[in-house]
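First comes the structure, then the notes that go with it.
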Amino acid sequence: MNKLKAVYLNEVYKISKKKKITVAAVLSVVAVAVAAVAVYLVNNFSGIRVTGSSELSILVLQVMSYTLIPLFVTFVAVDMFGGEFSDVTMKITLTAPATRLKIYLGKILAIASFIAANLLAIMVLSLIASFFVGIGMPNVVRIFFAYVLAFFPLLIYAMTVVLISNLIRGTTGAFMVSILVFLLFIGAGILFPQIKSFLFTASFDWYRLVLGSFINVGKLLRVFMILAGYAVMLFGCGFYLFEKRDL
Amino acid sequence: MNLSKKSTAVLSAVVGAAVLATSALADALIGSGYYSLKQAIKTTSATLINETDNFTVSGKIVMKVDGKEIFVSEGTMKYDIAGGQYVEESTTTEMDETSESYIYNGPDLYIHKDSRGNNYATTRVKGSEEKLIEDFFQREDVQDAEKIVDAFVGSMQDLIQTDENDGKKLYIGNLTDTSVPPLVNALSSFFLKYAALSEYTAENYGVPHPKANIYVQDVSGKAVENSGGILESLILSAAFVGDDKDGNSHTYSVEISANVTSINATAVEPISTEGLKIQAAAENRLSLGKKYEGLYKSEVVGETADGFVKLGEQFFEITSVDGATVTGRYYEIYNPEYLTGDGKSFTFTTIQNHDDWNRISFEYADENGDSKKGEFFYYDAANIQLHLYAQNNAYGRADQIVRTFSDSNFARVFE
Amino acid sequence: MDNAIVINGLTKKYKNSRGIEDVSLTIERGDIFGFLGPNGAGKTTAMKIMVGLMKPDRGNVLINGFSILTDYEKAMQSVGCIIESVNPLTYMTAYENMKLVARMHDHVPDARIDECLEQTGILKFKNERTKNFSLGMKQRLGIAMAILPNPKILILDEPLNGMDVEGMVEMRLLFLRMAKEGGTTFFISSHLIHDIELTCNKVGILYQGKRLGVETTESILQNYASLENYYLSEVGFNE
């Protein structure tokens, strides 16, 4: 367990040292600020609230979870696998006394932490912004649960990128294919709603399930099982490739 | 051991895929409350229209501001599909004034009564062959709109809860301010502010006009489906919150309810026509009668620096109405002082179409012999409105004329 | 007998039919083993397999009695290594790179990081990003990272690559001191015969993917004028 923790800490350390993280943080702040200003202006000029008291955070979540967060996740995940393999820095990680399973798991946990930190940051920022915009007291508990739920499909996407990055050598290719897969899944969900249940992207806004006054527990459970199935499958496939890869 | 590590990875991939496939399949099969409700609405519509003899639909709309009712409308519609007739009765209370209306629509009788004293009955020329009501969901535009709505609703479709009770299926949905999507919020708030309760309307009703901070506070709905798959009751309510010009907050709400009752146990019987003005089929206002035969005139006026002068007259004559065949002519007579060239003139013959309400279209040949289209509308007070889809102003352009005026309204010339 | 490294019938074939075939070796504890061979003989392949970067087609490697294939963590617990080249994370400083290694082992204080950087002569570059390091500096950093957790076994692939003469002597002295004072076992590959002769007490030759003789440096020098002569006679090279 100590080794896993050490791998995890090393990976988090690596992510935190990258310039891309600063860019991600700045862009997140800008995105929240833009949303807040837009909502404020619409209310001031037309008297129409685009969002109710809690909606600014949800609006920000909806926009970010389809755009910037997947983009950052793709960068980080591709860097962590394809990137390290191509500049051979993976050697430092692999020759440390930890099994490849622990390294693989540690890396995925680090990406998961990155997603969680990103969500936490925009949640806090958007809550602060909603006070400034003056649209009343947000329902913090519901917003928190919504953000927690938004985490899972993003993690599944991250694991998909990890799989792709272990399948395709070269970072640019892996990056492109990942984005393409993301868009294809979303497109397929819109064009063929009958296969939606099979696509993890369809659950990107499943947090809406906890926003109404009625909580559809059955549906929550089914989506959770679908995501869990994805997680196990992607972990298995990704690890298989990672394990058998020679450096 | 090396092999087993790989096979464990493969095994977990297979197990994961199996879990994914089964739960996704289950999810797809269970569907959402939204889809089953949509299906129920379609089934109800199709069953009532195609498979029942008669039924009753009653509905009610209530609008409130801060809990005070400002508009209430209640109605009952009894449909006799087999007999091709229906009765519609409604009571509306607006600004403390109550009005009632009654409509009977049968194969050979139409009765309309309203609070303003427009009470009359009309006998029909021919039996109504068109369907009494059309299945809304079979229309192509509705089917296309449905797909757009489906995509838009997205994950919200799972916010509709279903429940079974005594063989009846219950649909319940509730959106709070956290769950209403921003776009829906903004559009419906916009609709409330500028259309449903615009400044003018609000003043008429004597209620505060929502000016700022408007948002959807709550939307909820409930529907009951009976064992036959028919939705027998539906309740929808929505509440908006907004500030008036003084900054005071008000709640604006609307409730809509509908019930389907007495399936195959509804009798539709028109009220007695005694005391009503009866219009016979021959005088049916839906067709141009012989009484419209005659000459109609419209004056062309010019403006000079000093005032207005008459430039000439345009004449439209309905020379004969023989059943459906209508013949007529058009000509212009100008004051020679202003006329340059000949005035336009033509004759036409056309067949009137009874479905076209009070409109008759015709074709004519213009001065170059080209075929042009025209149409005229006829009104109760022997007035005609004529539209010619060609330039028809051969007016003089004497220097002193600043502008000319002519319109399409022709008045009957009485001898 | 206490063996540090046991290599058993190691085979790995590449598609171009190069690679290694049926290589077996036993390194006793405290040995400084010199792995000699021309470029492309398969030294790096063998060493990649030894530290788990590559999977063999056949055969096994035991380090401290633990199989690299099934007991990776235990086998690598007290191993430091440089394989092929040193590739530090360029967006991090020397210290931060060292920190990555330190975290993977218990009780490696920051003082130990300084100590290793001092021993390899790059302490003054501790807080500089490795992006601008020269090949020699990178090599020194690689050695610092390898020795950081006080490993009992060091597997070093061309460790003196790109270093100046001064550096080579410094590192050689460091290795010898570690072997003498800490009883550290070394497995060093090199194509520099003179360097192997000065550093190693045992020499093994890998030629065209196959292991040739293994002898102590002492006995070689008794029978041959130099290690070079022994090497040439082993690979069957006639002047």
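A few notes on this one:
Lettered A, B and C in written order, each chain numbered from 1.
The definition used in the following text is that a contact is a pair of C-beta atoms (placed from the backbone, for glycine too) under 8 Å apart; a residue touches a chain by one contact, two chains touch by 3 or more.
Note that the structure is a prediction, hence the values are computed from the model and not measured.
By count of C-beta pairs in contact, A-B exceeds the other of the chain pairs A-C and A-B. Chain A has its Cα centroid nearest to the centroid of all protein Cα atoms in the structure. The greatest centre-to-centre gap from chain A, using C-alpha centroids, is found for B.
Our note on geometry: chain B versus chain C, Cα centroid distance of 86 Å, whole angstroms.
Chain centres here are Cα averages; for chain A and chain C they lie 41 Å apart. Taking the mean of the C-alpha atoms as each chain's centre, chain A and chain B sit 47 Å apart. Contact of a single residue of chain C with at least two other chains is seen at positions 55.
Counting partner chains per residue, chain A has residues 244 touching two or more of them. Shared interface positions of chain B, i.e. residues touching 2 or more other chains, are not present. Those residues of chain A whose C-beta lies close enough to touch chain B in the complex are 42-43, 46-55, 58-59, 101, 135, 139, 142-143, 146, 190, 193-198, 202-203, 205-206, 208-209, 211-214, 216, 218-219, 222-223, 225-226, 228-237, 239-240, 243-244. Contacts from chain C toward chain A in the complex involve residues 48, 51-55, 72-77, 79, 81, 83-85, 87-92, 96-97, 99-101, 103-106, 145.
Listed in rising order, the residues of chain A touching chain C in the complex are 2-3, 6-7, 9-10, 13-14, 17-19, 87-89, 91-100, 244, 246-247. Partner chain A is touched in their complex by these residues of chain B: 5-6, 9-28, 30, 32-33, 150-151, 154-156, 158-159, 161, 172-180, 182, 185-186, 189-190, 193, 210-217, 220, 242-243.
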